[in-house]
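What follows is a set of notes on a single structure, which appears directly below.
Order as written gives the chain letters A, B, C, D and E; numbering starts at 1 within each chain.
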Amino acid sequence: MKLVQKRSKKTGLSPGTLIHIGEQRADMVSITLFTYSGSQCDERAVVDPNDLRLPVDETVTWVNISGVHKVDVLEAFGKQFDLHPLLLEDIANTDQRPKLDDYETSVFLVMKMLTMDDRGNLLVEQVSFVLGRNYVLSFQENGTDVFRPVRDRLRGGKGRLRQHGSDYLLYALVDAVVDQYFAVLEALGEQIESLQERVTADPKPDTLKHIHALKRQLLFVRRAVWPLREAMSNLSRSECPFLHEPTKLFFRDVYDHVVHVVDTIETLREMVSASLEMYLSSVSYRLNAVMRVLTVITTIFMPLSFIASIYGMNFEHMPELKWEWGYPLILGMMGLVAGGMLIGFRQRKWL
Amino acid sequence: MKLVQKRSKKTGLSPGTLIHIGEQRADMVSITLFTYSGSQCDERAVVDPNDLRLPVDETVTWVNISGVHKVDVLEAFGKQFDLHPLLLEDIANTDQRPKLDDYETSVFLVMKMLTMDDRGNLLVEQVSFVLGRNYVLSFQENGTDVFRPVRDRLRGGKGRLRQHGSDYLLYALVDAVVDQYFAVLEALGEQIESLQERVTADPKPDTLKHIHALKRQLLFVRRAVWPLREAMSNLSRSECPFLHEPTKLFFRDVYDHVVHVVDTIETLREMVSASLEMYLSSVSYRLNAVMRVLTVITTIFMPLSFIASIYGMNFEHMPELKWEWGYPLILGMMGLVAGGMLIGFRQRKWL
Amino acid sequence: MKLVQKRSKKTGLSPGTLIHIGEQRADMVSITLFTYSGSQCDERAVVDPNDLRLPVDETVTWVNISGVHKVDVLEAFGKQFDLHPLLLEDIANTDQRPKLDDYETSVFLVMKMLTMDDRGNLLVEQVSFVLGRNYVLSFQENGTDVFRPVRDRLRGGKGRLRQHGSDYLLYALVDAVVDQYFAVLEALGEQIESLQERVTADPKPDTLKHIHALKRQLLFVRRAVWPLREAMSNLSRSECPFLHEPTKLFFRDVYDHVVHVVDTIETLREMVSASLEMYLSSVSYRLNAVMRVLTVITTIFMPLSFIASIYGMNFEHMPELKWEWGYPLILGMMGLVAGGMLIGFRQRKWL
Amino acid sequence: MKLVQKRSKKTGLSPGTLIHIGEQRADMVSITLFTYSGSQCDERAVVDPNDLRLPVDETVTWVNISGVHKVDVLEAFGKQFDLHPLLLEDIANTDQRPKLDDYETSVFLVMKMLTMDDRGNLLVEQVSFVLGRNYVLSFQENGTDVFRPVRDRLRGGKGRLRQHGSDYLLYALVDAVVDQYFAVLEALGEQIESLQERVTADPKPDTLKHIHALKRQLLFVRRAVWPLREAMSNLSRSECPFLHEPTKLFFRDVYDHVVHVVDTIETLREMVSASLEMYLSSVSYRLNAVMRVLTVITTIFMPLSFIASIYGMNFEHMPELKWEWGYPLILGMMGLVAGGMLIGFRQRKWL
Amino acid sequence: MKLVQKRSKKTGLSPGTLIHIGEQRADMVSITLFTYSGSQCDERAVVDPNDLRLPVDETVTWVNISGVHKVDVLEAFGKQFDLHPLLLEDIANTDQRPKLDDYETSVFLVMKMLTMDDRGNLLVEQVSFVLGRNYVLSFQENGTDVFRPVRDRLRGGKGRLRQHGSDYLLYALVDAVVDQYFAVLEALGEQIESLQERVTADPKPDTLKHIHALKRQLLFVRRAVWPLREAMSNLSRSECPFLHEPTKLFFRDVYDHVVHVVDTIETLREMVSASLEMYLSSVSYRLNAVMRVLTVITTIFMPLSFIASIYGMNFEHMPELKWEWGYPLILGMMGLVAGGMLIGFRQRKWL
């Protein structure tokens, strides 16, 4: 994942100009339409967004759009649902900070969907929601199937979902996205736990790289979740007429979840920092151990070698050389020196 | 204790679906019921929660539930006490951030109970309270007997407890949980004190692991206590009609305790960080000491060995070798070199 | 770029005295004038600022001034547009913190334009805007052509720009400046990514210098952007009568962009800090590797040399010297010692 | 001083139960009573607190109690002065966070008295004040004579003290306690200054211990003073009817002092951290110096010894050995090698 | 400069007692008096402060007092200008935190004047201002001539100064003091820039001392400027009747300057921290370089010396010794070993 998204193609364009920013993640744009009330639920695929009409009756309409890279599709939505140009621009620009914007006829919410692929890489995808009096539009970058449970519940007709309005539908969708955050944190948490065991047992540069990769992923997760706190808090206290009091209780619950996620992210960040500290401490402790071995070896053998080299000198007059017990005496002396050294090291707890 | 709780079994479920999250800590669910007024106090075990009724008279009812993993029990309570589905969900999910939620007919408080087992491990258990006009429901994960003093006081009938309403009972229960925090901090504080002594005397990798274990425990304690501050502050200034002014003074007192606990946690965290700094400084100071020994040994014996090796050369024309006093002269010279070195080291304060 | 701008020539002057502070970046002052309404658009160069008049009709006037080092030009503007002396002083002083000041007849906005030159150096230039009921004055230090797209749109007459008042023109200009921030962050982000790869592969002092140069640039970017947050927030909620409600939505959008930029800066700063940590860890890990080699070599050869030096002693009575198999025996013993050492090292994972 | 006070004896007790927490610092409880108005001042010792009566006339009564470990004494006060049970509990519990509590008939203030004993150890003692309409109760742990100047001024009758009410008396007492903070900071400041000189001159483990002892003391001081800021701010803006407007000016002054103390504590903390950094830098610089010596010695003598050992080999055919000038030639060569090395080291600035 | 000012002589004194705290910086107290209106300006030295009278007409009076160590002079001012005892105390106590106090008949402002002496030492001096309806009193510790430009402008009569009231005079004086801050930051900024170059080129303990001296100076500057932010913000929004709306615009400008100074201080602090990081990294990189040299030398010469010492052994049966080409063969082998080592080191990039 890139630290900073490429936006350069936008520089210099008129603010209202619709242009897609970010990687293209889907080939086609697929649009599905749900229309439901307490008693019935219609579901169909939409080919041409220009066929859609702003619903006027009391049924709830949910349009889910996968793929935001086709500017003409977005423009069709803008025309049919009377969306503000800035709102459309924000949908097309996938490098958006999560936020809640109140427009007169609709509420606009941008958030990030987090998933983990099979190899433990974090995927960040933008999801935008437009809430109207009796409709919800949801825009995904590609069709990551996070809304399937919601669809199933709509089809099944059980539970509260079909009995409530568009605001409760928005809650169900947002809740599905936030639930994914816990799954991602669970995976990261497990990686960190296993990392902390490795870090003292065998501190290698690879461990260091892993620590920094985790740090970076947590940074991305934090950037995706942190601003959502404020957005959810605003949503649960919004004055907007489409949001009914009982539903706000549910958004307050989502807000609590988001705060909990933010707390957990901070905990994980502290644990990663602690891992780095332990890595560095282990490396420096090992250096100490290595140096102690070096010093012990040097300190023992240098004096011994020195004694030996003295008796390797070729002076003519070295009386010791002629003593019959010279050699064993010297060997004994060497043993005494080495033994004394070893005792000294033991007392300093170096051995 | 795990950094992140497993919630995956919940992903994709309808928001209102009751499901237990967290480890199951008790085998059975046990329910005890207290009904008391100033003059009398009844106590009995409840087998079927469906037998309970929302109390209508002026006696105070306290139902304590140990074990929240049985979804049907919770649902029975939900039906009998008319509890909001989100409230029930929060009770069943033991990975909850401490919080206070105001529902129309009840106040809901989640907090964490902290205890230390015999081997100094921190145990974190969730306790939830539902306060109604004339009843309190308390949900524990298992029956850690932290409420025994409250029960004893109810039975004894002395003190303020029996004279006051359900709000004062809630205060007594919350106070009992917060009192445990001080005991946990006391234990952690003692561990840190003893750690700080060991850290300079004998810095081993085990010490490092202990430092990080303490850091981690403090992180968990902080996560459990920090959000309670806001909850208690809200409780002591709540507009809720079941909370009487005199009782709010008591909640303000609990709030002060929680703030004091938070302060103490921060102090302990700083002390643990200081321990880590001292550990690292000690390790690097010891490295210095080791290197100094190595350098002194090398610096003394290398020149001496070099001199000896010169006179070990086999040149035919080396006049010194034939001097009668050559050998003692060289030994003297070596002594002078070594002595000079030692004086130099002493001046640099290396010895 | 300097940490602190020279302001000394101002010390001791009367507060209202106009004096240019900062480097002079343009030779001449060039002034261009746009007058437009929905149906037409005039454009001309202005030689003498005293010829300008405060516009009274409903057309919108935009005067762009490149070069703020000529005090008499600023004074002419001050007279013709009735600008407050402090406002003029702030334009002339290019070491200004971004801010929004509300004067009675005008709104004054100072911001920083950020660009990257070809060699990757950050250039910071001050841009000031004065917004009146039907005019905008924009002051640049030199003519960096960041406003060309706005000019093109004015000439082309397409889009919203010509249909709206001076407040929307101000938005278009501010948006053009903020768009540049993303380009600068993109460039910095790429430098940091490439840095992180080099930092573990080959940690050299040059890498360290690069890290600190990036840190410094991010510090400058932060100083330039951070205060803009508040200015944009105030602008989007301003009570000023020239700012119409629909335009405030656009300024809210700019505010969102600025917050996004600030977030990204913080992320980049964390990544740079992480690079420094990785650099230091790599250096200390390499030290470890080097020391291990040293210790292995020393530990193997010191005992061997010691053995050899024993049999280099010249004692007359050294029976081993006369054994027929003495030499190969000793060589074999040396091989055993060396082999044992190697096995020991392998077990400690030093090899 | 302990990181965490023992509170365990309180766990499980009814909230209103009076119990002393903390070390007992005085043997007996001594009570002194001052009754004064502008014209006269009575002073006497009180033996039985039950003899005290809530004063009803316009004289001001000050009761100073030294020793809070006798629960019955506190209860007597509670009865005579109609004090809230929680207030009494807070007086008896000397492990209290500084705070201001508004009760209906009185204002309750807890703060910490800081003193330094002769050996530079920090002593922390709790002082509690109860302010009523025409009385002040002050509770000390033991009789540290910090209120002597106030007593002297009362006896002398000069200055404002005797002319004002109980609120001004409270101010005089609080001011006396806060004045002590400056004395403590002065002593700590001097210790830090002297530490900073030692830290580069001679970095020993003892210095490190001293740094951490100072850090710890500052932590205790901060914990004692920080919450007082809010308490003083509340006091100077209190709506309480016993606090007259002119006296609030004086409390604002105390607030300013407390803020100043907090600022100074932060400065001292930064200086202590800087000392630690300097200690670590000095240690690592010294390591560098030691290693340089080791390397220079090794680099010079290893090649020389190698050369000597070559000519110590016993090959039969080594022509150099028979040259007449072989020995001096080799010695000269050794000199050249050593000289070259020395020049090289000088160029690298290692010598 | 001392970390903590001596205040001990104040401990125990009655709060209203006037006593000078801080170093005495001037021998005598000199008082100058300006009385001016739009058309005229009188200037004279005052010998006895008791001769001064509170001005009653519409002229503006400015009294500048150099030297605050004479308590009787301050008392005379207190009497003549009806100043609150706490205000006088704050003037006499030069260890004051910058602040703004609103008294009924006057506004009191304390700030710090910062100057650099010729050797680059920071000097901090306290300046206090009392603003009345038609007068300003300014108290300096000694006569550092920072107000000369204001005096010159008063004498010259040009500009706004003579046309406005006492509030504008206060602005002019405060602005003169704040202008000095920029000069001090400029000097510190230059020192930091030059430091950063030295830090990588030649990291010596002296550099470290310089870094910490700068850190300390910035700490003092921050302490002096930071609280001024709030004071200036309050001043520019004050409800006080002597402060006219147009002058508040000027104080808002000073507020902007102070915020800019605070920002710059934070930048400089980050740069100093970065210098410390670079210093430590350089030291540890150099250690690495030194150790590499040591290891290379040891690794090359130890095996060579070992080989030589083998053939220095005195065994009778060492066939190699008798080979005719033994000596050159061994020399060749040594060359091969050394060459192989060198190639190995080059591959590891150690050379």
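Quick note on the criterion: a residue touches a chain if its C-beta (ideal position, glycine included) is under 8 Å from a C-beta of that chain, and two chains touch if they have at least 3 such contacts.
The model shown is predicted, which means the values in this text are computed figures rather than measured ones.
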(message) Which chains sit in contact with both members of the pair subunit A and subunit D?
(response) B
(message) Fitting on CA atoms only, what is the rotation between the copies subunit C and subunit D? Please report it in degrees, nearest 5.
(response) 145
(message) Need the CA-centroid distance for the pair subunit B / subunit E, whole Å please.
(response) 41
(request) Please report how many Å separate the Cα centroid of subunit C from that of subunit E, as a whole number. (result) 25
(message) For subunit B, give me the residues that contact two or more of the other chains.
(response) 284, 287, 291, 294, 298, 302, 305, 309, 312-314, 318
(message) Given the touch rule defined above, the chains close into a ring; going from subunit A first to subunit C, what order do they follow?
(response) A, C, E, D, B
(request) Within their complex, state which residues of subunit E touch subunit C. (result) 148-149, 153, 158-161, 171-172, 175-176, 179-180, 182-183, 185-186, 188-190, 192-193, 196, 200, 249-250, 252-253, 256, 259-260, 263-264, 267-268, 270-271, 274, 277-278, 281-282, 284-285, 287-288, 291-292, 294-295, 298-299, 302-303, 305-306, 309-310, 312-318, 349-350
(request) Write out the stretch or stretches of subunit A touching subunit C in their complex. (result) 2-8, 10-17, 84, 86, 89-90, 95-97, 99, 101, 103, 202-203, 205, 208-209, 212, 215-216, 219, 223, 227, 276, 279-280, 283-284, 286-287, 290-291, 293-294, 297-298, 301-302, 304-305, 308-309, 311-314, 318, 320-327, 330-331
